[in-house]
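The following pair of complexes shares a single chain, subunit A, combined with subunit B in the former and subunit C in the latter.
On to the complex of A and B.
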């Protein structure tokens, strides 16, 4: 009976198509990219071996370090805000809306699946100062503020990107964390209430500690995703003004395709992969902790 | 342990009966906060929809909250005829659906081979597929571009179909393997006792059992691939072959930064097209996307 499942031919036939595509379109290119980091040139001009020059260049290149700094800043700020708003909404779904929450959950989730390009074009119009005054500037003017060219000012552009991406992703983290909060046994919350815990005290002392595992995996998933930010920035600011909002992903794209430096582009991509790898190691660690605690 | 209605729901009516006004007043800030969030989510889309009917003078002279003065579809006609929105949508369909079909067929078979079949080293292969979820796409762009360029494929849709198929596989294999793990092993054993071959077990037992999961995964992959910008931006060099995302991104340039109407119409088409799918399938979309996250 067991021999049916030990069918080698079946295993080979079924695994091969996926494995072939995956190997030749992902695994081989990944290793190939690593060899590019030791070369300079591109597909048209040909390549030349340069040793560790690209690696050394990365740490001397101010634009690259700015991009690295932007990526880290964006990933950390985004992760904190995404998970915090998501957690706030999840608490609202559970303790405030209770069984009336499905419609609200569904509505707030919707922006998650919208094409980033469409959302970015929408937000760039919302924050516009000229030639038309967008909704945000109009409202700020009512409140007595000055007309601000948000996307033309480096410090403001960063926050517009952040606001847009929180808008896009809060519904996702809300549903993710909601699924974790629902798992908390009724009896635990009941008995805490009987002991006199309510409101913030209940959340802080009982709900928060119990939702730590799911909160942690949401945090780490978020870091891993935000390190790879590309679409929203290309479509909203295109890295500008200047290079103020250029993350590693976009810098890699520019050096490779605008300047034709495949070797250096691959080096930037490799640095990004290292960053993601560190984040993923945390994922596995937190998952192991999940298993042991339950 | 798992309940859909959380704890407080049960004692809520009792408390409301005891001190109705205080309790109701205490809920006011919550409703205001929630109202603001819903407004923030819904208003931008409403604004875009209204904008898609406005004329250029209306954009420049009327305040943002003004409703359009007429309800004609000139902007939509302009977006499709002059902007080429129809071509972009067609290109996206040509790139995404073949890739999606391949991802599902290859992914389901691979998940079966890795999860249901028994052989040495299958765990290793599963981890190998998992690694693909973590590595940023930037890592594969340059070698692939070199190859596509050498094979003279850069003027066709092939680079997108091929790359999308590969990109979609890791998560598909992993999610389907997880769903197959949940099927009781006895079902397969019963099938073998009835004399079913491994192929019949795959096609007539496993696939029907995970049909729902396959649909969910396909839906998740559809949104990933349909919304892709990076790969399409890298491999498509010809304007006629642009996908909807690349086309939309260049919409602004094509009209100059100031022709708002067609741009708003273009955004509207993508936003409300997505909404049309979401209205029918929202539960599956939410469940699928979040389950992909926990495992990723």
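On to the complex of A and C.
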């Protein structure tokens, strides 16, 4: 086997098809998209070279900056909540439910496989204020509160989106982190217990440090997924009310395909790519530092 | 020697493999081209004289056009359909403009399709030569005069073109439809000025009747009110001046229109959670007596005439034009009008066979759509159905008696301006957005 890898011709023959496919399917479109960032126009009106105008426009465009701010807020809140609830559930599976956990795991995982549009429809009905009053508003009114238009009020629409997406995704992160936690040897846990560690102390001193690698994966997975949120928001609020829940992805989609500005849309896409890269490097570095220090 | 021969063979094998892979990739990319030409239908390439089929692409939400074309295929247009049968297809209308842009960019538009919803996009199609000049085509086919002058003028004004580029498969007027019973119950007269309209709303609200029904979630039924206020206060060319850069939506006299509508929202006249109500919900609300006034186009006649949908009865529905603004430059006689979503023909694949279809549609579409769907179109009518409803006749009379027409708030705006306007319209209906805030957002999206 070693001799095969040392043979350059064999390596070239084996790698070339995959490299060609990767080049045409990934690299060419990415480079093509980057060239669009220096152009304005679309397939109908034609393209014109505009230098760095699109990049300058991005930082002057209030809607783009609002979308960037929404994306960051959404990604941070979602990452914290979905990884925290996932971790909490994983601990619950391991330390409390033990052998009874498969049924609970399956139930909590169930929303992950539901179609996004169906979930969004269910949540819009739950939080509905008119013409029919949904269950949440009914409960609020029963408790003496006012009828609230959750999806028509910018600050509340944000939290409805968060609640829906946490409900949808926590089962996935619970299973992901559970898979990491079951890898911790029982002997280590038992030894810690004999040494007097239990409850929160056991989790903080033993379980948490040993589960850092899988937490790192979950965080990177979560931050990248949430920065690219699109379908759940389109289905629930379509970016509204106004542009209050419009993330960069939806703004990029509208700019490119509804407004016919392929160049500017590509610039927004590239900014999103940079954001994902920066977030991943940041998470990776900070986690690596923590592991070393512990 | 043996080793170099082996190396040569390996190099040859590698080169052959790379060549084969490249050929496979080239073959893959080639197949998409052939797909797009078959999607375009017809003889392919344009300039030919025959086509294998006549393709139509519409929105799933509109079934009238496809149904009318199918009736024509078996009736008046049987000769045109002989050898060039009709093939219809439909896609969801919510991303219509986006789909059209992709199709047009690839020269893959159907022979006939519903036009772009945003007029500025149609202007791009016209400039790029993607859409057939119907004035010239009608002259060649000898069917000049098939489109009513009022409808033709509206379409030319809409696309800011000297020639006709789309066919008016609908011709609608807009205004307030009101519930006569609720007006009588609250003792309210039909308003003729904006002040009277606000007073009527106040009286209705005091009588626990929701004054206005509006689909704030869709936005446009609310922004229509802003546009009409501006037309009435500043004149029919007020919004064209904004598009031409001669005025700004943030000018005080323009903001006044948005403020007037926002004040209605702030007073709660559009009902609770107005920003979350969609088109179908609003229609249902009005037709079940859930509100007194409903700003809508005459395309809603089908719903009004439906015994199943209309619980308040067709006789209980009245119409009044958008009221005057006291001291304004506009007139109550200028009726807001539009051609719904008209249809266009693509220049690619336009052949003599497609020309035969076009001629037949121009001559017969209006009669068939009116007889079979009760649809008022912008085509010349030569046969009036005996069982035509009174509301339909009233709309036809209103069109005939209108001294002039105006378009709508976003008609002259960019795609981005239109989207931002309509996504924020709900904020005016709830009173969450002030007129100034709304106009600043739209003006910025409209190119500063």
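To be clear about the criterion, the second predicted complex is superposed on the first by the 252 of 294 C-alpha atoms of A that agree within 3 Å, B and C clash if a C-alpha of one lies under 4 Å from a C-alpha of the other, contacts with A are read in each partner's own complex, and residues count from 1 in each chain.
We take it that a contact is a pair of C-beta atoms (placed from the backbone, for glycine too) under 8 Å apart; a residue touches a chain by one contact, two chains touch by 3 or more.
What you see is a predicted model; the values in this text were computed from it and never measured.
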Once the shared chain is lined up, is A:129 touching subunit B (first), subunit C (second), both, or neither of them?
second
First (subunit B), second (subunit C), both or neither: which does A:43 touch?
both
Between subunit B and subunit C, whom does A:79 touch in the aligned arrangement: first, second, both, or neither?
neither
Report for A:260: first if it touches subunit B alone, second if subunit C alone, otherwise both or neither.
second
Touch check for A:242: first (subunit B), second (subunit C), both, or neither?
second
Which holds for A:114: it touches subunit B only (first), subunit C only (second), both, or neither?
first
Which partner chains sit in contact with A:17 here, subunit B, subunit C, both or neither? Use first/second/both/neither.
both
With the two complexes superposed on chain A, say which partner A:230 touches: subunit B (first), subunit C (second), both, or neither.
first
The answer to whether subunit B or subunit C touches more of subunit A is B
Can A:63 be said to touch subunit B (first), subunit C (second), both, or neither?
second
If you lay the two complexes on top of each other, which residues of subunit A touch subunit B in one and subunit C in the other?
10, 13, 17, 21, 24, 43-44, 131, 257
Can you list the subunit C residues touching subunit A in their complex?
7, 10-11, 13-14, 17-18, 21-22, 25, 95, 97-98, 101-102, 104-106, 121, 124-125, 127-128, 130, 216, 271-277, 281, 284-285, 290, 414-416, 419-420, 423-424, 426-427, 430, 432-433, 441, 444-445
Subunit A to subunit C touching residues, read off their complex:
9-10, 12-13, 16-17, 20-21, 24, 42-46, 62-63, 128-131, 147, 149, 151-153, 238-243, 254-255, 257-261
Which residues of subunit B touch subunit A in the complex?
1-9, 11-12, 27, 30, 33-34, 37-38, 40-42, 44-45, 47-48, 51, 59-60, 63-65, 102, 105-107, 109-110, 112-114, 116-119, 122, 125, 128-129, 132, 134-146, 149-150, 162-163, 165-167, 169-170, 173, 188-189, 192-193, 196-199, 201-202, 223, 226-227, 229-230, 233-234, 244-245, 248-249, 251-252, 258, 260, 263-264, 267, 270-271, 274-275, 278, 282-283, 285-286, 289-290, 293-294, 296
Contact set on subunit A toward subunit B in their complex
1-2, 4-8, 10-11, 13-15, 17-19, 21-22, 24-30, 32-33, 36, 43-44, 89, 92, 94-99, 104-118, 121-123, 125-126, 131-135, 138, 167, 171-172, 175-176, 179, 181-186, 189-190, 193, 217-218, 221, 224, 227-228, 230-231, 234-235, 249, 252-253, 256-257, 262, 265-266, 268-270, 272-273, 276-277, 280
